[in-house]
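See the structures that follow.
Two complexes come next, and they have one chain in common, chain A, joined by chain B in the first and chain C in the second.
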Partner chain A sequence: MINYFAGVDIGSTMTKVVIYGEGIRAMIIGPTGPEHRKLANKVMEEALIQAHLKFEDLSYIIATGYGRINVPFADRQVTEITCHAKGLHSLLPTVKTVVDIGGQDSKGIKIKDGRVVSFVMNDKCAAGTGRFIEIMADSLGVPLNDMGRLSLTADKPAMISSTCTVFAEHEVTNQLSGGETLPNLVAGIHESVATRVASLVKKLNIEPDVAITGGGAKNIGLVKALEKKLGCPVLIPPEPLITGALGAAILAKEIFEKYTKEGQVPERSKSGLQEAKFFD
Partner chain B sequence: MAELRDEKGLAKAERYYTDYGVRARELKAEGKKIIGYISALCPVEVLTAAGVVPFRLKGNVNEAITKGDAYMETIVCPFVRSVFDSAIKGKFNFIDGMVLPHQCDSLDRTSDVWRDYLNLPYFHFLNAPHVTDDPSIEFMKELLKLFIKTLEEYTGKKITDEDLKQAIAKHNENRRLMRGLYELRKVNPPLISGVEMIKVLIAAMGLPVDESNKLITEVIDEVKARAIPSNGLKKRIMIIGDQIDSVDIMDAIEGAGAYLVMDDISVGSKMYWQDIDTDKEPLQAIAERYLRKLKIPTNFVDTGGTYEDNLNARFGHMRRYIEEFKVDGAILFIYKYCDPYGFEVPAIKSYIESAGVPVLYLEDEYSTSTIARMKTRIEAFLEMMA
Partner chain C sequence: MAEEKKGRAVATKTAASIPKFVRGNLAATLKAKEEGKKVAYAYIADGQDEIMRAMDIVPAWGESFAGVCAAKRDAEKYLQKAESDNFSRSLCTYATCTIGFDMVREELGGGAVPDAPWGGMGRPDMILGSAQLLCDPRFKWPQATQHYLRDVPVFVGSMYYPPFDPKMDHHEQEKFYVKYATEELRECVKFCEKHTGKKMDWDRLAQIVELSDRTWDLFIDTYELRKAFPTPMDTGDAMNTMVPLTFNLGTQEAYDFYKQLYDELQQKIANGEGVADPEKYRLIWAAGLPSWFALGDFQYFNSKGAVFPVEVTYRGCEKIERLELPKTNDPLEHIAWRWVRYWTHWYDKARKRPGSLPKVERIIEYIEEYKCDGVVFHSAFSCRSWHAGIIHQAETLKKVYREIPILILEGDIVDISSYNEADTHNRIDAFIEAVDSYKKRMN
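Now for the complex of A and B:
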């Protein structure tokens, strides 16, 4: 009999669920939205349908991401730092440095033998995160998904010197009205984010292989800019959004098996698959 | 206050922490003079010898700075601005005066703001040197004489060597008692939590030394009576930082599943670990204690030896804490714009890591608004050590 496990990663922008048996059985990515806490169970339901499983079939569930404490049906909460490292290590075992560019934060994680040995997170503001690119895309009227491709056609990336998101937006619109081309501006935006992220991650003493995860990994322009700033190639996992949820599911399996080996049963959440409430 | 007459130990500390300044307010009503000070660099013995009540000022991490920013630029560190914000809002309207040390730029360059806008009957800028060589000790003694003179003029009472010796004895006793309470954190799990400890530390810094001594004694009796706990399984953490004067970060650390067993913070061990020598002339002993023994980043200790010797002179005590309190990991918690600590961060971090103890460096606002982000880092740090 196969035991099934789930990882739920509630990020600031996207909610991700992975169901894991012997390999990935289901993987669902949905928008988090302002009432994201109510959506964790819906994304989980979709994942169960995809996996042809019932909620009761799951042996252990771990929640991660910044909304992790708001998943009542999860049996344990683990930070996204530990989960990203775990998930990424299972996909790309040669990676020693992970750069994660999410919606509201960016982080660098050093891995040794599948374990986190050190990490850094941005603690200043939205500069160097996905939100910065989202806001710029919005003010330039470019769909977020086109930003990466568009920037590759730049001949000379524009210089964006403000690190404050609001001032940078101002700077970008000024340069646009001053005649700067859209591709050069978009490339400049990516360079600006890449510079912030690289200076954050360089505190870690970067060792290859380096991989990128999170929404930022889906932007080829940003990845190229980051490779330039870090001075080394950057690997991208097949689905860079799910490494946290995958890590959570694998960790769920490891914890469950550790207990089973000792002849014990891990304590489970008593809550069924239901909407999270703000106040219980 | 009849209903509170039997209140003792931790319950009393809790009340003095929650309603900070409540006792000083009562003492003021009884006619006592209350003198505020702001950092571990204030020689409280001199204030006690003068017959006034030393009262440590604190900020409020739960309150936004609303009035203070009209007087101080935002380049001033958030702790100093928060304390000033509380003061200008009248939270410390029972104090009669203030002592401000020459310590960091945020304090030095705002001393005129404190003096002019609070307009207290007594104000003294203690121009303590940052270098700790022999001429600096002589200079510090002259400064202490000046400090004593201003207090004598203010109170109309002479401060004798005997007064100083008595005050030194009482404050040494205060330090000995507090170290005794820290002793109870050495067992595993510790007999007193980090959250309880910070409340006692803060309660103690708002009391006259005799009352502080009584409070600590009561807390020791109460905590000692607790059942000897069974083997603790959580990681033992030491927190290092500057003016941490609320439970919030302690609560975040312990809430993440760790024991907070030791500190190197301004209201904590820095205040209590080094006594004043009693076999020396009082001013010499006080000067040596505050310049050479006190372990703060603004006291430059040049041993004349190698860089390694200087590091040991500045941070060696942290390694001793790690051994004595069996520390598994250290959290370095520094406020933004704190330049004395900011400069030391890489050195502290590598010094402690070279002792085989992992360090988590957190740079934060002086505010609880960012606590959720701090918690993620703390949890990840504990997961990393698991």
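Now for the complex of A and C:
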């Protein structure tokens, strides 16, 4: 009989669920709303449908990400640092350094045999995160998904010197009205984010292979800029958004198996998959 | 309006008496005038404590007052005041907080400041700076203060120690540094004599220095009790219990405080009482001043089973016998030797491990002796002396020692705008997971 496990990753902008058995059985990505608990509930339901499973079929569930404490049906909470490392190691075992560029933070993780050796996080300033690109895309009127492709056509990336997101927004619109081309500006925006992320991650003493995860990995312009700043190629996992949820599901499996090996049953959450109220 | 936060619960009863010490120190500066005593603005680890005590000068410690303002989350008004006169937010916030306070007090005529945390500090009669090798604020802060207290005389001494160079034998150089430091202290005495109108009582000074030495010894004996499993006291308390050593050195109260703490820790060890139950992880606070407004984070660590049996911060002393101080009858020369050797006594060890540094050797020594599983640094952005070298220390530690988990917390000592509790706790959670997996790997 196959046991199934779930990882729920509530990030600042996206919620991800992975159901794992002998391999990935289902994965769902949905936007994170203000009511994390309700949404987790809904995304989990979708994942179960995709996996042709019932909630009762799940042997252990781990929640991760910023909203991890808002998943009442999770059996345990683990930080996204540990889960990213675990998930990425299962996908790309040669990777020693992970750069995660999320919607509202960015981080670097050094891993050894799937375990976290050290990490750094930028959760203080939007300038080195996906949010910076989002805001700039908005003020330039470029769809977010087109930013990466557009930047590849730049001939000379513009210099964005302001660190502050609000001032950078001014700077970008000023440069645009001054005649700078859109591709050069977009490439400059990516370079600006890549510079900040690289200086953050360099604190870790980067070792190859390096991989990128999170929403930032879906932006080819940002990936290229990061490769330039780090001075090495950067690997992208097949689905860079789900590494945290995947790691959580694998960890759920490991914990469950450790208990059963010792003839024990891990403690489970009392809450079923029913809809939860946010502030109950 | 200050956002008062419930104080951090302390693990030891003795630490609970610290607010009385701090309040007492502040009150003494306000009462000094009535008692016909002089008040001096003073700065920690200045080597001048004993001179002040011997001359009945009441020290007003800016760092202590700024820490109180921060702990009460009531520093913003002073930071803003200083900022209004173009002091940058990135300057040392101990300095800008007290300068802001000075500006307010001067505007009110120099007397007591009505809404100052714990009454504030009394107006000084002199400013006794001591720059040492710490940072630029230690030079400029006293001078910038005088800008607002024009009639108050300033003395800024310097007690340097030989910088570490792995290729150089510092033993040869030490005596020159000691000579220089002794002369600086002598100048300080002359300055104090001039502005108090009293002569130094050298016998009294010698007795006070001898009491300080005993306090240093007792402090270390007490803190070394924390090696016990489970540790009876952690850094959360040590950020309080440092007060007598740091601000009351050379007084009987300071000595008595550590005697009481020593007895309490011994009792706790006998009862098997720890800080966390169960104690799962032992950490070292390897560098950095704490965020005074967020001392509750130590309890957050404790709630995860993590304790800090040792810290580098505010452990500003060593067992006197370990320093092998040359004999001298001059109390000032003794202070100078004690200061220089406090720093250099890690140099020989550091030289033996290629690529190491004295500060890193100290961390390694503590990791080994206190059996630590992880290392925490706090990078307080406005404190350049600690902040600047932290990443280098962390990297060196990993290189010359081992891949021990390291957490670098980011914040400030006073400026609460640098802090976000949820993110800090998220980092702590991730770090504890890394320590857990490290421990499993090591086992």
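In the analysis below, the second predicted complex is superposed on the first by the 275 of 280 C-alpha atoms of A that agree within 3 Å, B and C clash if a C-alpha of one lies under 4 Å from a C-alpha of the other, contacts with A are read in each partner's own complex, and residues count from 1 in each chain.
Keep in mind that, in the parts below, a residue touches a chain if its C-beta (ideal position, glycine included) is under 8 Å from a C-beta of that chain, and two chains touch if they have at least 3 such contacts.
For clarity, every value in this text was computed on a predicted model and none was experimentally measured.
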Original post:
When the two structures are laid over each other on chain A, do chain B and chain C clash or fit?
Top reply: clash
**OP:** Report for A:273: first if it touches chain B alone, second if chain C alone, otherwise both or neither.
**Re:** neither
**OP:** Check whether A:112 is in contact with chain B, with chain C, with both or with neither, and answer first, second, both or neither.
**Re:** second
Original post:
Of the two partner chains, chain B (first) and chain C (second), which one does A:182 touch, if any: first, second, both, or neither?
Top reply: neither
Original post:
Thinking of the overlay built on chain A, is A:205 touched by chain B (first), by chain C (second), by both, or by neither?
Top reply: second
Original post:
Now for A:164: first (chain B), second (chain C), both, or neither, which partner does it touch?
Top reply: neither
**OP:** Please work out whether A:220 is in contact with chain B alone, chain C alone, both, or neither, and reply first, second, both or neither.
**Re:** neither
**OP:** State whether chain B or chain C is in contact with more residues of chain A in the superposed arrangement.
**Re:** C
**OP:** Touching chain B in one complex and chain C in the other: list those residues of chain A.
**Re:** 66, 78-82, 115-119, 121, 123
Original post:
Contact residues on chain C for chain A in the complex?
Top reply: 391, 395, 398, 403, 405-406, 408, 410, 418, 420, 423, 426-427, 429-431, 433-434, 437-438, 441
**OP:** Quick one: which bits of chain B touch chain A in the complex? Just the residue numbers, please.
**Re:** 358, 362-364, 370, 372-373, 376-377, 379-380, 383-384
**OP:** Give every residue of chain A touching chain C within the complex, in rising order.
**Re:** 66, 78-82, 112, 115-121, 123-124, 203, 205
Subject >> Interface residues, chain A side, partner chain B - complex >> reply: 66, 78-82, 105, 115-119, 121, 123
